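Structure in structure tokens, see below.
Note that the chains take the letters A, B, C, D, E, F, G and H in the order they are written out, and that residue 1 is the start of every chain.
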Amino acid sequence: MKYSIPTEEYVTSGTVACQGCGAVLALRYALKALGPDTVLSVPACCWSVIDGPFPYSSTLVPLFHTAFETAAAAASGIRNGFAIRGNDHTTVMAWAGDGGTVDIGIQALSGAVERDEDIIYVCYDNEAYMNTGIQRSGSTPWGAWTTTTPVRHFKKEEKKDMVEIMVAHGIRYTATACVSHAEDFVKKMKKAKDIRGTKYIQVFASCPPGWKMQSDDSIKALRLGVQTGIVPLYEVENGVYKINYRPKEFKPVEEYLKLQGRFRHLKPEDVEHVTRWRDRRWKLLEAKVAMTRELYGADAAEG
Amino acid sequence: MPNKHYVPLKNIDDIPTMAKTLGTMLVNETGSWRNVRPIISNENCIQCGICWKYCPDMAITEDAEGFPVVNLTYCKGCGVCAAECPKDCIEMVEEVR
Amino acid sequence: MIEIRFHGRGGQGAASGCTVFADAAFRGGKRVQAFPMFGVERRGAPVASFVRISDADIRARHNIYTPDHVIVLSETLMDTVDCTDGIKPGGTITVNTAKSPEELGLKGDFKVYTVDATRISIEHGLGSITSPIVNTAMLGAAAKVTGQADIELLMQCIREAAPSKPEQNAAAAKDTFDAITP
Amino acid sequence: MKKVITGNHAVSYGSMLARAEVVAAYPITPQTQIVEKISELCADGVMDAKFIKVESEHSAMAACIGASAAGARAFTATSAQGLALMDEMLHWAAHARLPVVLANINRSMAPPWTIWTDQNDTISRRDAGWIQFYCESNQEVTDSVIQAFKVAEQVELPAMLVLDSFYLSHTSEPVDLADIALVDKYLPKYQAKHDLDPAKGHPAYGALCNDEWYFELQIKMQWAMEKALDVIIAEDALFGEMFGRSYPVVEGYRADDAEYLVFVSSTIASTAKDAVDRARAEGIKAGSAKVRLLRPFPKPQIKAIARGKKRLGVIDRNLSYGSEGAFFTEIKSCLYSEPERPEVHGFIAGLGGRDVTVDTVYEMIKITASRSPETDINWQGAKLA
Amino acid sequence: MKYSIPTEEYVTSGTVACQGCGAVLALRYALKALGPDTVLSVPACCWSVIDGPFPYSSTLVPLFHTAFETAAAAASGIRNGFAIRGNDHTTVMAWAGDGGTVDIGIQALSGAVERDEDIIYVCYDNEAYMNTGIQRSGSTPWGAWTTTTPVRHFKKEEKKDMVEIMVAHGIRYTATACVSHAEDFVKKMKKAKDIRGTKYIQVFASCPPGWKMQSDDSIKALRLGVQTGIVPLYEVENGVYKINYRPKEFKPVEEYLKLQGRFRHLKPEDVEHVTRWRDRRWKLLEAKVAMTRELYGADAAEG
Amino acid sequence: MKKVITGNHAVSYGSMLARAEVVAAYPITPQTQIVEKISELCADGVMDAKFIKVESEHSAMAACIGASAAGARAFTATSAQGLALMDEMLHWAAHARLPVVLANINRSMAPPWTIWTDQNDTISRRDAGWIQFYCESNQEVTDSVIQAFKVAEQVELPAMLVLDSFYLSHTSEPVDLADIALVDKYLPKYQAKHDLDPAKGHPAYGALCNDEWYFELQIKMQWAMEKALDVIIAEDALFGEMFGRSYPVVEGYRADDAEYLVFVSSTIASTAKDAVDRARAEGIKAGSAKVRLLRPFPKPQIKAIARGKKRLGVIDRNLSYGSEGAFFTEIKSCLYSEPERPEVHGFIAGLGGRDVTVDTVYEMIKITASRSPETDINWQGAKLA
Amino acid sequence: MPNKHYVPLKNIDDIPTMAKTLGTMLVNETGSWRNVRPIISNENCIQCGICWKYCPDMAITEDAEGFPVVNLTYCKGCGVCAAECPKDCIEMVEEVR
Amino acid sequence: MIEIRFHGRGGQGAASGCTVFADAAFRGGKRVQAFPMFGVERRGAPVASFVRISDADIRARHNIYTPDHVIVLSETLMDTVDCTDGIKPGGTITVNTAKSPEELGLKGDFKVYTVDATRISIEHGLGSITSPIVNTAMLGAAAKVTGQADIELLMQCIREAAPSKPEQNAAAAKDTFDAITP
């Protein structure tokens, strides 16, 4: 077979994830990029269950389970603990869900970025608290049903844009990614590995039960996310924006929305809302690309 | 019957001080979760590796000729491989006991 | 006191089925208690749930180890889960399968019943082959085998609890109820 | 109206019946059903409350504190890690004398991760200034939410309902949901003692307090706790009159003529009744005493029920590491000054959700009846070597 | 006398603030803008001491002291508590120091913004934990001495840019301000009062002991902050940037730095670093002004 | 080398002598001097540690946990609100069996805001699985930091040093700072039991644990606590040999022949000696017993020292609302099973920094000597009406 | 001698349940903090109000003719008014007892 | 046991002065204890701090209410603070002022000393009229009046503790020491 990403596996079969779980693929890809000299700091999230119950684990790198709000702080501690004992080589990766990142974990993350801790923080974004049974998070998109945003009262706030928040922190490197675009994600993880200081990557990961869809639509939904422009793939390095994938033409957002039960209640005007949001966001993104290139030069991003 | 990945623990003396894992999840044969089973036909297969890439259960490996094989001990039957195969080589059929 | 155990898969609704069953028994004048196997099982993984039904107050608040009856929502579960574990002598086990009880080849001091709930459910437009919805259908079978719930009350409870297709769900239960002769 | 519902939904309906006005909560297994149901009740307009979907439990309690200080009836629910994360704010609510009500599902503390029950999360709050009700059944849960607000608002202290994870939270059983009009009579609209309305003045609440008055403020808290015991008893009596259900702070089961008495709480109190019956059937003069309150600790009632017993047992589903079970400590301390002091066995059972069956309790009753205690901790149901 | 700001006083004399405290002026001005129908949520900070010990207070509006990390959450609770009882008119203002905002309070704030709570959040920024005796905060600028960044090891991380983080949150209105520019600050507070949803204003406030300077330099230092461009005055409304004050020419940053003992140890190359930082920041700011005007039109900001 | 330093600096130097490798801390009055001094020591290169200047106490403990799990010796310091904000992570450190050491300055809990001392912040952690040392002097503070690491690392549990705000934290007195080479002998480099080094394997720590093994893990924690009591005594003896200073877990002052004994802790233990002398001078056969540990609670030593006394008093600078003083409860519970049980007076004094003078203690000794207890709480030094 | 803003509290019965303030900080006559005292000379004063605006102790008021007056009961002597007066009307002189 | 109270203003260094004084006494062979009035006082606000000096172990760990000696760093403090409060009969009070003891007009069973520490400090280049630094200077006076610290040891302690100008600080102390004749 042809392999577009590294063949080494650091996640074993036998995980207790749902059928078709995108979060499993996310970590599988991340570890392929980082290799075995990696330690994980994992807060409460689906992955703290997926990995397996005592006395078993499905990751082939050391994994430290930590409290929900502490992924970045625990990772900072691990990194410094290694450093004082002379280990500067092991990659310490905080691996957290969107709730553990944009809500309850944002403070520890913000602090780590401010101190510029030498860690990679990855948020696998399935847009809700899945581990506890699909409650809204700050990363849940406008319009979505969750158990705490019932259909009659679907989510009315926009998704918190964590990558932009990281840019505002002046982080060295941040990027979006999507499980359907494994090669792009692997590339970004490798890049992050080689940068000293804090790196933040948010990878979009499907969740069949949480998105109310069939497990075999798992990758399709993600790909549609990218193709409709709902999930832009871009990176920001030293302040310079770069879009990694520009759909020639956006597919209509309906295609993305209709696949998922969590959006089934949306009316045409709601779909319009999502389309406008998508367009506004891309315009701004393109403007930022232009602006930062002009300010810092195209090279800065590569530097 | 416990498989070879099973870590036998009988009483308090067998467990570590802190909850430190002692084995891998290969112990958990998730093949039993399956309602439907992927059947790969090599006929049109171009060995692109996409099914392998997207399998969330690391249940696809390669045979001697470079064709994908499903590890039924772990395949949960999610159907992703079938949905993603660009050549429609994979069919999901009802699992029977 | 009658104790019942349901076996299903995460996402199949075994737990909510137990509550509906308990509700029906309650409306029939019994004291009831229903609870799921409490865990973190994901969609697709084997799960269990439980019902206690009694004429007197139910004070025991602990797991059920020796059920009078067992209901199995999917035959494939029996590969890995020991569904007959702990069944009280003279108890029953009812399995959703197209096979006959004998074909299942179960051994023990219990009666074996089978019903093709998957087919019945699909006939009623509940789910598909890849993901059939059989929890309500199997409640009818449970009502018949255990004798703990009146089928009319059960159908009413199913209608009230179903998130969609109330009549079809109720009808599926009626069909399995009728399909079994204990 | 009787409905077959889980303990969690019993909490949600209780908060609806109590007309909670602001709910600020964060999901955590095994509490999620509570907030999901409240979301639904609010979305359906059945419950007229502001639900603040905060980003953490810490903010949940902070928002409840703010809402309560602004004069609204405030409610939240959580479990274990969430309760611990709230800790600073739990102390805050108590010291600010705000009658916030919280339902906590008892879940063991991590690590390792667990979602199963024991009381370590709530006994670890025993010093925080909160009233704590431990519930035995879903009926008691709904009723206690209502009672908790009534008591808390009178004594100006926050109150916590405690439910076993799974054995109560996820167990469905018939619950009689009180008529809301009657509840309104029992529990009138909250008249806040705090007042942040600028039209009425400009006080600051919680200003720096040096050694001149802080001590006295604490004494007032203790007095309020002492008063709370009487208020709980009185309000439960009134509740009994109005609704026909009542929950003594210490409730004996076949305790009057018992020679051997085991103290129990939460769902074990329920299971223990079967165990007591069995012991009686086998000729052991056993009884059980359910302790509904950990704070205020019902000292007079504990003393009264223990009086004249030959030997006592305390079953703790918790452990204060480096000491012993919390109820065991509190009960011994309480009985210390009694003229007659029966021996007391300390049992620890059911940590991390380990099942406590009728057999398990029966075993403890038998030990209590048959021998003198040799150690402060008697592990029950553990896989010792 | 001529009065350029409202004459009503809602802060009394007799506060226990240090001589020359800029934080006192900040709240004095804010309350002048908001008027008496205001409630304060104040977390641990100098102001929780300044206001006075029990049984006294120096603010003539109700003040709720709350825990260090909870200003925004407590304010959310107060606002919702009022709302359910029919009070939609009282302005609820969270009033916090920089530490309570950019470090320990950022999570509660981020959550409130995501939920779009109808509150005003003001951070008075004196660039360190002053109440506890001058420890570094995330808002302490590069180069500064504090007791936890001793001279030999002065702060090496850049100041966290909270206003930009708020913009990344998609907040309705956010602005910088400076106590030396009272009129501008009052105007912004009034504007914020009239907008529904979450507003964030960060007001630069001097601290003579914390900045190691004489109390009578208190306003001078702030003014130099603005004049040297260290403290840009700008606002962002619905995503549109507007600079409120553009110095014709920046004064050299030395003038700002040398007034303050906390910067006394900086070498010429360090001063250079600060100058570069200032220039880079202004370039970016101007670019954002241009970009967002172009994207959304000049009117959007006024709207 | 003897230096006149504050209690806070005694902590900082203690952490330096103990060669703490990672310090993650957040400032809070009255602890700030500790972190400021550590910043200085690190900046000067005298102390070779990574100082993580976290954004909250919650992250401070999380970072210490991470560092400790990575194999480094981790230290932090905090007080009151900060300790409460850490609560979830305190439980975490204990359950993860990580030997983090923390110095907590006892400060009263807000609101109202206060920075003065009482023990409510630390007694509220008595169930969290931490060893707790209450210190009487700055010398004991420095020495205890070193001992704490030694003990914690042996029993794999975290340990907390406790100092009174102001009365110890800001009070300067001569402290003999041990020779670091000798300390290195006493306390060798930390050999972690956890190992996150990928070169050595790939364990996960803290994975979900259902009811199968969680109970047993708790029993191991309790066993470790029980072992800790012996280890503390043994390590103190060794420390005494090497450094000439020793701190018994329960230390009597004129206790042997005393008829009346008051239990004390922290700085009150020091002041009490003057009060005992005064009582003796006035013919009262009084003595005092300093309790150094709240966890593990030194039961055998408490029993031994109480034996044969005519009457006891317990002075609590804390209060468990709805119950009584924490030491009072623990001591009564501990003595419950004794064949002879002297009466015990419960005193609560000094909350919120209210000064506890020789007079105050003397008064409590007199009450203990002269009458039987009538209530569980005897407020001492409060402005009652 | 307590001033008129003083709230007398004797014992536990006098204090509220929660720490709720009962008076204003006007009780705190911070004039005693002063080492130096501002002396305003009206001669060059243009009544611009800048001294008033920047006084962090709200210690400057207006006299009948519109000139600024320092309230010495509260003025802490920070010197801000003197530093900020555009007309140099304010001089700081050593405070004596 | 000798108990001393210092009165100063926030930021003037009364507390650190006490520690330096205690250090000097300690080096002279005494047992010592020094502590500030513990509060939240800001720069400019009146503060106090304390020293205990004894030949025996100091076990009392509580506030000082009846000092043997009082040192006042700024005469202006005496307007609002009752600096003579609690002085033991026969004790002393020493005030930094240009006035004579008599001019201060203090009444009570204690001796009054004055010294112009502000002038002395400024002469040594310590601070300015608007913010003089007098804490070290007043230590010299305290050493003389209380007799608890040897002036040479004190000067040494001052040198070690001064963040800058060690010699000037020490010299200022020497000058006040010499200026007072008890």
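Here is the rule we go by: a contact is a pair of C-beta atoms (placed from the backbone, for glycine too) under 8 Å apart; a residue touches a chain by one contact, two chains touch by 3 or more.
The model shown is predicted, which means the values in this text are computed figures rather than measured ones.
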Going by the stated contact rule, which chains contact chain E and chain H alike? F, G
Looking only at C-beta pairs that count as contacts, which pair of chains has more of them, E-F or D-G? E-F
Please report how many Å separate the Cα centroid of chain B from that of chain F, as a whole number. 52
Rounded to the nearest Å, the gap separating the Cα centres of chain C and chain H is 86
Between chain C and chain D, centroid-to-centroid distance (C-alpha), Å: 34
CA centroid of chain D to CA centroid of chain H, Å: 56
For chain H, which residues are shared contacts with two or more other chains? 39-40, 44-45, 130-131
Which residues of chain B are in contact with two or more other chains? 9, 11-12, 15, 18-22, 29-30, 33, 76-77, 79, 92
Indicate the residues of chain A shared as contacts by at least two other chains. 16-17, 19, 21, 48-49, 51-52, 54-57, 60, 65, 67, 69, 103-104, 106-107, 110-111, 114-115, 131, 138, 208, 214-215
Taking all chains into account, which pairs touch? A-B, A-C, A-D, A-E, A-F, B-C, B-D, B-F, C-D, D-E, D-F, D-G, E-F, E-G, E-H, F-G, F-H, G-H
Enumerate the contact residues on chain C facing chain B in the complex. 9, 44-46, 74-81, 97, 129-132
Within the complex, which stretch of chain B touches chain A? 5, 7, 9, 15, 19-30, 33, 47-49, 52-54, 56-59, 62, 66-68, 71, 73-74, 76-80, 82-84, 92
Which part of chain B faces chain F closely enough to touch in the complex? 9, 11-12, 15, 17-22
Show which residues of chain D lie in contact with chain C when the two form their complex. 2, 4, 6, 29-30, 115-116, 164-168, 170-174, 267-268, 270-271, 273-274, 353, 355-358
Using the touch definition up top, name the residues of chain G that touch chain F in the complex. 10-13, 18-19
